[in-house]
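What follows is a set of notes on a single structure, which appears directly below.
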Amino acid sequence: MPVREMMDSYPATINLDRGLLADAVQATLQCAQTCTACADACLSEQSVDQLRKCVRSNLDCADICDTTARVLSRHTGYDANITRAQLQACIQACTSCGSECHQHASMHEHCRICAEECRRCADTCQTLLHAIG
Amino acid sequence: MPVREMMDSYPATINLDRGLLADAVQATLQCAQTCTACADACLSEQSVDQLRKCVRSNLDCADICDTTARVLSRHTGYDANITRAQLQACIQACTSCGSECHQHASMHEHCRICAEECRRCADTCQTLLHAIG
Amino acid sequence: MPVREMMDSYPATINLDRGLLADAVQATLQCAQTCTACADACLSEQSVDQLRKCVRSNLDCADICDTTARVLSRHTGYDANITRAQLQACIQACTSCGSECHQHASMHEHCRICAEECRRCADTCQTLLHAIG
Amino acid sequence: MPVREMMDSYPATINLDRGLLADAVQATLQCAQTCTACADACLSEQSVDQLRKCVRSNLDCADICDTTARVLSRHTGYDANITRAQLQACIQACTSCGSECHQHASMHEHCRICAEECRRCADTCQTLLHAIG
């Protein structure tokens, strides 16, 4: 992914640490795709009736991570308040979804992978949030 | 919009006030569309170089409002923490974007309408957030 | 929804019929929200195992309609080829999803409403597509 | 990205070649992020008034690629007609956006990278479209 290359071709000032920012863009995109795929995999499980809450938290988490990746990919007219609030929503969605997926991790490999991605994404966003202050 | 009709055909319990919820779904969808259109209108203004920050906050606000409308349209496996955090991000985005658009409201009718939509959306989300507690 | 007001405040030329365009923006947004809500309602039905395909087509249709609403809300640097191709994808998604929802319409009110919205959205997009030529 | 891992944990049949599918998911996600970043970089260029059409095609391409990545990440209730139509819209958006960015490639590194990503994404989607038939 040319996330860092694009950042380095941005013609004005970037107010955040580029390494942390690139990590968070990558993590949110990756988590969004994993959640979309996990929702779909749950939908095809025989035990779909026990995975209703899991599908729902996957759908929320995918939408919130996608939006966070977009907000973090923009540097023009930077507004720390928006970045901070969207990171907090993202950390919350990843924490809730990761915890839900974790409950099915021993049964379903897709939930195991998704729980891991959610935790990594929450951590990466938390690190960036701390750096913003 | 059949927002309320769809809500009333939901087969399980909805944990929030249906009127406030339907208002917030409608307001976020409407604000998202208005922000997408305002970003595009700014892009075609002669004075586009003075509207860079406005375009950016419109793009963030459109993405965040769209995601909020989706989160609020789901009731299965309700998680108050996610709804709360996403509403807070939405209120922040609408406040920032509304304030930016307001600065161009006397020059550009699209910014005037957009500032108004952002303020209405922030208020409607705030009312719902209070109800969630 | 101030769809038409925003269109009328656009500072440059709009290449399409404003009435048809505004109708299509409204229809795609409305269909997207209805599909998101229908996917969620299906997920809470006792018979969720018979609604797997319905949930999936709802999710695709919601994403495709949302993107179509955004493309149609932009007029700067108009490219008929993109608008045409995205409208065709939208008509296909609405036709497939409407037909799937129609099969459950007598059992589930949310599927009945959603089938109707999908058909209305497909028709409105078809009318705009014909006007583009 | 665990795109392929998630695919391999899907509990039912996948109707398309997994390698081609994983390549297309990766390419569309990557192109979407690059387009979002390119729109933002253009917005901060001194010559923003000459990049209006470029920003617009970047925004369309980002939305269409994101939606395509989601459609391709789902396998439940597979409908070749939707996948085909969305791939065609994606190829069109990437071709238009890549051609627009290419015109600014010698001036702006972000447009050069973005033109390349758009072409790679169009090619990868074309290969998958051929395989679907």
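Just so it is clear, A, B, C and D label the chains in written order, and each chain counts residues from 1 on its own.
Keep this in mind: a contact is a pair of C-beta atoms (placed from the backbone, for glycine too) under 8 Å apart; a residue touches a chain by one contact, two chains touch by 3 or more.
Keep in mind the model is a prediction, meaning the values are calculated, not measured.
Look at the CA centroids: the one farthest from the centroid of subunit D belongs to B.
By the residue-number overlap criterion, the interface of subunit B with subunit C counts as same, with over half of its numbers used by both chains. Remark: subunit A and subunit C have CA centroids separated by 27 Å (rounded to whole angstrom). Here the spacing of subunit C and subunit D, counted between their Cα centres, is 21 Å.
Within subunit D, contacts with two or more other chains are made by residues 40, 43-44, 46, 52, 55-56, 59, 66, 70, 74, 76. Residue ranges of subunit A in contact with subunit D, taken from their complex: 1-3, 5-7, 9-12, 25, 29-30, 33-34, 36-38, 40-41, 43-46, 62, 66, 69-70, 73-76, 108-110, 113-114, 117.
Interface of subunit A with subunit C (complex): residues 39-40, 43-44, 46, 48-49, 52, 55-56, 59.
Remark: subunit A residues 52-57, 59-60, 63-64, 66-67, 70-71, 74, 76-77, 79, 81-82, 84-86, 88-89, 92-93, 96, 100 touch subunit B in the complex.
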